[in-house]
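Would you mind keeping the following structure in view while I ask a few things?
Chains here go by letter, A, B, C and D, matching the order in which they are written, and residues are numbered from 1 within each.
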Amino acid sequence: MHIAIIGASGYTGGELMRLLANHPSAEVVCATSRKQDGVPVTAVHPHLAGLTDLAFQNIDVDSIDADFAFLAVPHTAAMKVAGALLERGILTVDLSADYRLPKAIFEKVYGVPHEDYFEAPYGLPELHRDEMQGAAFVANPGCFPTGAALAAAPLAERAHTIIFDSKTGVTGAGNTPSATTHYPNVGDTFSAYKWTTHRHLAEMKQEIAALGSDARCYFTPHLLPVNRGILTTAHILLKEPMEQDEVEALYRKFYENEFFVRYQKPTLAAVRGTNFCDVAVESEGDRVVAVSAIDNLVKGASGQAIQNMNLISGFDETAGLRFAGMAP
Amino acid sequence: MHIAIIGASGYTGGELMRLLANHPSAEVVCATSRKQDGVPVTAVHPHLAGLTDLAFQNIDVDSIDADFAFLAVPHTAAMKVAGALLERGILTVDLSADYRLPKAIFEKVYGVPHEDYFEAPYGLPELHRDEMQGAAFVANPGCFPTGAALAAAPLAERAHTIIFDSKTGVTGAGNTPSATTHYPNVGDTFSAYKWTTHRHLAEMKQEIAALGSDARCYFTPHLLPVNRGILTTAHILLKEPMEQDEVEALYRKFYENEFFVRYQKPTLAAVRGTNFCDVAVESEGDRVVAVSAIDNLVKGASGQAIQNMNLISGFDETAGLRFAGMAP
Amino acid sequence: MHIAIIGASGYTGGELMRLLANHPSAEVVCATSRKQDGVPVTAVHPHLAGLTDLAFQNIDVDSIDADFAFLAVPHTAAMKVAGALLERGILTVDLSADYRLPKAIFEKVYGVPHEDYFEAPYGLPELHRDEMQGAAFVANPGCFPTGAALAAAPLAERAHTIIFDSKTGVTGAGNTPSATTHYPNVGDTFSAYKWTTHRHLAEMKQEIAALGSDARCYFTPHLLPVNRGILTTAHILLKEPMEQDEVEALYRKFYENEFFVRYQKPTLAAVRGTNFCDVAVESEGDRVVAVSAIDNLVKGASGQAIQNMNLISGFDETAGLRFAGMAP
Amino acid sequence: MHIAIIGASGYTGGELMRLLANHPSAEVVCATSRKQDGVPVTAVHPHLAGLTDLAFQNIDVDSIDADFAFLAVPHTAAMKVAGALLERGILTVDLSADYRLPKAIFEKVYGVPHEDYFEAPYGLPELHRDEMQGAAFVANPGCFPTGAALAAAPLAERAHTIIFDSKTGVTGAGNTPSATTHYPNVGDTFSAYKWTTHRHLAEMKQEIAALGSDARCYFTPHLLPVNRGILTTAHILLKEPMEQDEVEALYRKFYENEFFVRYQKPTLAAVRGTNFCDVAVESEGDRVVAVSAIDNLVKGASGQAIQNMNLISGFDETAGLRFAGMAP
């Protein structure tokens, strides 16, 4: 299968190329970038040297010759090309936010009109695998919502309040330098940001509600002095107290057939570079602490996108993604 | 005033010496250590070279010739010498946990009998300054409870639930190597620990209750890949919703006369090395996010101990502590 | 091919398992550990969860049923079992220092008698591939000498003096906690260690001499606040000045057929988790700065060991090792 | 003494304000910034909250009402105002590069004409204290040259070759975000930069020559994932071999009266936040490894500038600078 990556010079583009380099059935044939037209991919992503000879191309979606496309562009950029890809029959996973939310909610949360709305399944396979059957276009979830939804899903119905306190590595902010990502503003320090206003809350609410829950959801993200990873501490206040054994059994059962969700004490290290989500829970009666760890660039973006590609292309869902994390 | 530091080879002992080196009215004359008897202080604390010529001594409390003592020893070690210091009329601030809680609660939380219990004021000056008047012995608060209590205090009475999600630097674990503090287990990673069972929760509950609050309190600590600092994100669920303006005004008013509590967006960097606690709040109606940042070794330990020394010795409360944090 | 890993609970053992999990022709069937007998491998290496069901075994070399063995034990431990593996016809790569140096030099440098000496090829394929043909036992190089030799090899004969100034991540110190690896002694700081006395200098001198060079060699290592990687800055003082073009051409030519040596500006990030060694040079006439970057646990240990396994087992030399580094 | 800081919004400006906040005889009365005109200093430097009420001013040098000025502006900006300060009789320490080198060398190294050249003493008090007597204008040394010169000075005359291999924290790059300082390009990685071409080499050569040495000097800087500090490993090749005892005695003697140079094993942690330079040496006969550690923003910039201010203002040279480093 021939793959095009639209917007391949950023972190998620680089991760798609890193991961697809070892995929048994897919080959990247086109990596687009407006700014890096003609530049060898390895000049931007030197870690890929020896594994790709591609150069970035600045080409229109209409000129792309591929069976499958990943949209690794910012929100509002995806909606400008999604329709053309669909029309040309190119299966697509969109890593942007453009098709994750209903139109009205998208427009409210992102503060822009949606120029080309259509419905797309929300590509969190562990919760929406059935809805993705036969899909031609999948909306890849946000990084925070992935970790949050997987942390809380088994208990969602039993909760009245869920507070997601998340801590992310700096790659979540992308590869454009800014004061936020300036090393001395991050190294050996720590802080919260968008304490009550992060856009990903809308996806979290959507996912918790989709699980049949009426729990109130809150979300506060923090910036860690690490490159990769999101650890989400979900403080789950229960309608009725539950014992530890019961909660743990519920989680183990919920994820027993999921290759990418492992029930073990989460650390960023153990999932680093992989598509795994590690989850565990501890109950103190009326509050359960459920913690998840993912790599924001893999399960939180490019790895999950490949998992979705596998699903809608008929490959083994884990193809190209069955490898261990790099720890320590 | 002549100062003795009992247990001076650890991090809090080192910080006491660092800070007291510039105190206008106090001089460290005795630094005890069992293991480092006769060793120059600067062999253990090389950053103090040029500022002290003391050597560690392994001596009994009975032999100490000083006006004031800091107990910088582990819990259960303090109770073995506290009585002797009191009897000898040596004013004391105890940095251990031994006198922070009522006897029964201490014994339950720490799982050991208290061999020499007496009541001591809880040395969090911003909340207990009056109770410390004339005290001869002060129990210095734990690091997490300091940050937690200062984050939540102004809203405590209006809350029904408070969840303290805290993130600490590694020096909080002391200077003894262990798997927990092994660099590759901490660097570029992140995790929660003692998800529902950390002993400091007892102090937090005590402080919130002392403010007249009946809020339920929960606490989950996390380990950051940084040396110093605790950032506490207090998720405060209110009995009645409050607007941002009202909440912020409440905090500014509550701390308007406190030199060491600054109302500004907290980061670990801005308080690094100092006795400041930075606090700010953001309301989304029924939930308020209150965040505090302290240096766990200063406001969370040795700096607050000196603040307490100043208070019970009749010095200016800020003496020796009026300096800026080292940022970045 | 069935693989046994002798000493599988440490970092290099964990890396062997991580890398071999995706090897097309090799399967780990035995992972020994004295201390972790019966413990699931994933309890010690949680990043491997989902990829192995093995438990550690405490068994003798005589009881191992495998075609190939890796010795991932400390120096002096390898020499106790190497002979038995040879006798049983089990092909072996030894990651310890026991067979890297001639007997007399080993005994002098390591200060212990060698109990079972025999000659083994030095497993740095880029410099010794021919000598490894048909070998039954290979001595895997030290981490620092790998980076140093590859940085200096093309210029060795033209140098009169080579100073290796190396900077390593903390995993090089192993997984046993110590003051050296205590997070607060490493995080946000930096220092040199064993300024003139590191044992790996002997391997460096051996390799430079083996290249026909009479250059004097010096070596000073430093400890970085990172988990993985060694960057070696080789300050090469030339007998006769050389222009940049000439030096660069020499390096490109020297490594043109080496998959694992890439001529590009080295950073630890670009080689992280991989068997690549990135190298580049800059000349200022009589001094050339040659810099190399490797992952100390991969090209500096377990990855190179698998490269050697591939070589002496008749597999493609890059089998299981053709994947991109994890960056950022 | 009233102090003006010209260019106070950057890192060195912030450090000047942090350090001067506790100076017994100096008070900052004016902090200029073009971009931050009218903004409270603590909005840019929140760690100074509680210690200053100043706001930045965008004013001309002609309007400054102060006894003493620090120029904390980039090179070429200092030369535009230096003359006016001199003319107005305002004693000045210039932290830029504009007056550190002879005119011709400055113009060659920095590639720009010098618009207003005059001679100024090079403000490295340990080597040039006598030349600073009665000076009205001092050129504050570069950060790398400070650490390099102090590391090599005692042996300079006996060396034929000195290679400075330096490793710096990220604050050395200033507070403007760039790809170089983007967290994911620095965190958990390491690299060399300007391998043979860093401008500070000119200052190093000047200082080594000023010590009566004819040694060849080389310099390669590296970027550490830490905020502050420069560790310089000086590989000193001797004309005649020297024993360890002799070398160490030479260093101890050379610096015996220098408060800010401490003979002890250097780490960045022990000098963090301070004006100390820690130095030690190890000889292996014909090569001596001399290592120094400084805080690049203090002894490498603002602290040394205050030391120079003290000197030319007749204060105790250590006034305001006698405090311990923040470690760990």
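Simple rule for what comes next: a contact is a pair of C-beta atoms (placed from the backbone, for glycine too) under 8 Å apart; a residue touches a chain by one contact, two chains touch by 3 or more.
Please read these numbers as outputs of a predicted model, since none were measured by experiment.
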item	value
Separation of subunit D from subunit B in steps, with touching chains one step apart	1
Farthest-lying chain, centroid of Cα atoms versus that of subunit A	D
Separation of mean Cα positions, subunit B and subunit A [Å, integer]	39
Centroid distance [mean C-alpha coordinates] between subunit D and subunit A, Å	45
Residues of subunit A whose C-beta touches two or more other chains	11, 171, 184, 187-188, 225-227, 265, 267, 269, 272, 327-328
Complex contact set, residues of subunit B against subunit D	11, 14, 17-18, 21-22, 42, 45-51, 171, 187-188, 227-228, 259, 262, 264-265, 267, 269-274, 276, 278, 322-328
Footprint of subunit D on subunit A - complex, ascending	11, 170-171, 175, 177-179, 181-184, 186-188, 225-227
Contact footprint of subunit D on subunit C as seen in their complex	161, 163, 165, 167, 184-185, 187-192, 195-196, 216, 218, 220, 222, 224-227, 229, 231, 233, 235, 237, 265-269, 272, 282-284, 286-287, 289, 291, 293, 327-328
